[in-house]
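For clarity, chains are labelled A, B and C in written order, and residue numbers in each chain start from 1.
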């Protein structure tokens, strides 16, 4: 599909409308509630643990390049660095993409500056390791073992290297928090990490951590968007079920059809 | 035979054009470093907005194949709009599509420039390790040996006489098949060891949920491998409903039904989350991370 | 430490040694276990069987040496089937490493079936372009997008590419990959042109495939090494896939045994008043 079809246009339009509407109403001062997400709450605990032990924090944004997942990861990184800067704890970031690496440097520099500790920013702690999957995994686990990291964070797109990183983190005794929209890697993170955030909780990260009204509003808009999808699913189920007898069912199905 | 200059050796104009573009690009990036810090965020916000606007409109505006019948049925005005916006385009293009390839190429070039930054970072860190004789500096020596050896062999086996030289080709095979591929495979195989220790540690029947998860995991694992299939192979197809209780059939049901349904549910959430995140970045609303306050 | 506590705290090095032993065992002591053919594997087989005459198949891959143990049996089984049925095919690699690995596989198998490069198969070579841009462009104009094979030979000089213009000349695609990008094939090729797409992921990515399979966006799937083994069984030609899947069987049995052991220990310690870990 190279261009939006009518159903895509309609659904995307409605979801975008809900998100923007809720952002605007949140900014007008409407109180919004967000449920507790244990994985994200555990970030404070993990940073605190590294501070107590006087050992560094390891952060991996996964191996994919600059995309929405990567940008969300950097947003969470910014929060972690700000938290760590308060306690003067070192954060090491391992990157597998050169574009993301340059942005991560900026994000880290700014996060330290915002906490009034620009001198804590160490260029060498934001490391580009390799853009090769297993070379990256190998360099990362070497780093984790040599530096005896106390806390590990994995937020981003992970593939087969997920378990290699998480199990090494466990072996060095680190407290680990992971989040990825890559569903296939979730079981490995759940098995090896202390806390894991699942599915779209990943995208709730920046809203949850900053409690910014704009971001919270966007979360509520997302939930309304999901209701729209559920409505479409129900329409599809009814359409399929009644299509042999009622022509309206076939019309619904035809409307959703893409391509040949 | 490929030369370092690739297929453009016979076209000096093109080579000059490439060099010119390279120098201009480098100068442009250099010039950007002089943009005052205060002006950077608004500049980023404007460029992000224009970029996002282009890509979303390109996706949302109807291609010629859909627009043509509609516009041509709207009389002279529709015909004029069609001629203005869609004439000469492919059926699946709208008037923004022809620039897509150029923009994608531009993105590749920018990404190419940043790769040099990545390499610089590696050289900087490992160079410092060696020069200051830091702990484990020997690993950094191996880094330089690895990079230089692979680059030299890769270059000479690809260009000029090396393409037909058995020495360079043999060295390339050793470097790839012998070193790179083997190291890659060794790293991947670590997963087998790690999954054993992780599963051993994680799977404890502490609650009802954990019990269900473990039960499902056992059934899927056994249903996927020959030994599991052998375990219930005594159940015959003629036994009707009971045939469903063969391990491979239970495993298939778990994978095709509950698993696929759960995946879809999570994927819908992720897709909406990504859309919201994209919107926030496009409109520079992602505060607290990239933007302290809106620009 | 009681026996039950020990059962919950087996040293990981002991587990690793046991794992090496059970993986190596079938390589020295061969044995035969039954293989059931699952519907997703049967789907791939049937799709290859029904490729219309004169159409080209595409074996798209972005696997490397790291996942060779899973991706190679899948690739090899598919190539054997295509060679055997005299279906011409194109290798479409998404990484430099894949170009070499898939080409080597085809060259190794070709003599068995009397096949020749350029006449019976072609390697389009790795192109440094984004996957989406390539797929969209290829669907409309294959010779214009691919231009030359992996050796730099123009496609027009290769007999296998004669008459191949666009996606309508493609009868089957299988994407062999350890990465989760199959949906790009589905979104930009299957959904638009209806081309039959099959998926051959590594075992860790398998769960992702059942959603598009159930939605009939994929014609079938080869789930990891087991998928390769089942395909070999369907071809009536058991090879490395079948052999290696015995190691997999024993490894999974070991894992189940260790988990059961730990849980017995956990329950027994709790019953004895101790604390389960």
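The rule is short, and it goes like this: a contact is a pair of C-beta atoms (placed from the backbone, for glycine too) under 8 Å apart; a residue touches a chain by one contact, two chains touch by 3 or more.
Quantities reported herein were computed from a predicted structural model and do not represent experimental measurements.
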Pairwise touch network: line, ring, star, complete, or other: complete
Chain nearest the global centroid, as defined over all protein CA atoms shown: B
Comparison of B-C and A-C (more C-beta pairs in contact): B-C
Where chain A and chain B are represented by their mean Cα positions, the distance between them in whole Å: 16
Centre distance in Å when chain A and chain C are each reduced to the mean of their C-alpha atoms: 29
Centre-of-Cα separation between chain C and chain B, whole angstrom: 19
Touching two or more other chains - residue numbers and ranges from chain C: 12, 64, 66-67, 204, 206-208
For chain B, residues contacting two or more additional chains: 92, 184, 187-188, 191, 195, 197, 199, 203, 263, 267
Numbers and ranges of chain A residues touching at least 2 other chains: 2, 134, 160, 183, 188
Sites on chain B touched by chain C in the complex: 2, 90, 92, 100-101, 104, 108, 176, 180-182, 184-185, 187-189, 191-193, 195-197, 199-200, 203-206, 214, 218, 221-222, 224-230, 233, 246, 248, 252, 255-257, 259-260, 263-264, 267
Chain A residues touching chain C - in the complex, by the definition given at the top: 1-2, 133-134, 159-160, 171, 182-185, 188, 258-260
Partner chain A, residues of chain C touching it in the complex: 12, 64, 66-67, 136, 178-180, 187-188, 190-194, 202, 204-208
Chain A partner contacts - residues on chain B that touch it in the complex: 58-63, 66, 92, 94, 97, 110-111, 114-119, 121-122, 124-125, 128, 135-136, 139, 183-184, 187-188, 190-191, 194-195, 197-199, 201-203, 263, 265-270, 272-281, 285-290, 292
Chain A - residues contacting chain B, complex: 2-4, 9, 12, 15-16, 19-20, 23, 65, 68-69, 71-72, 74-75, 78-79, 95, 98-99, 101-102, 107, 114, 123-124, 126-129, 131-132, 134-135, 137-138, 142, 146, 160, 163-164, 166-168, 170, 181, 183, 188, 190-192, 198-200, 202-204, 206, 209-210, 212, 214-215, 218-219, 221-222, 225-226, 229
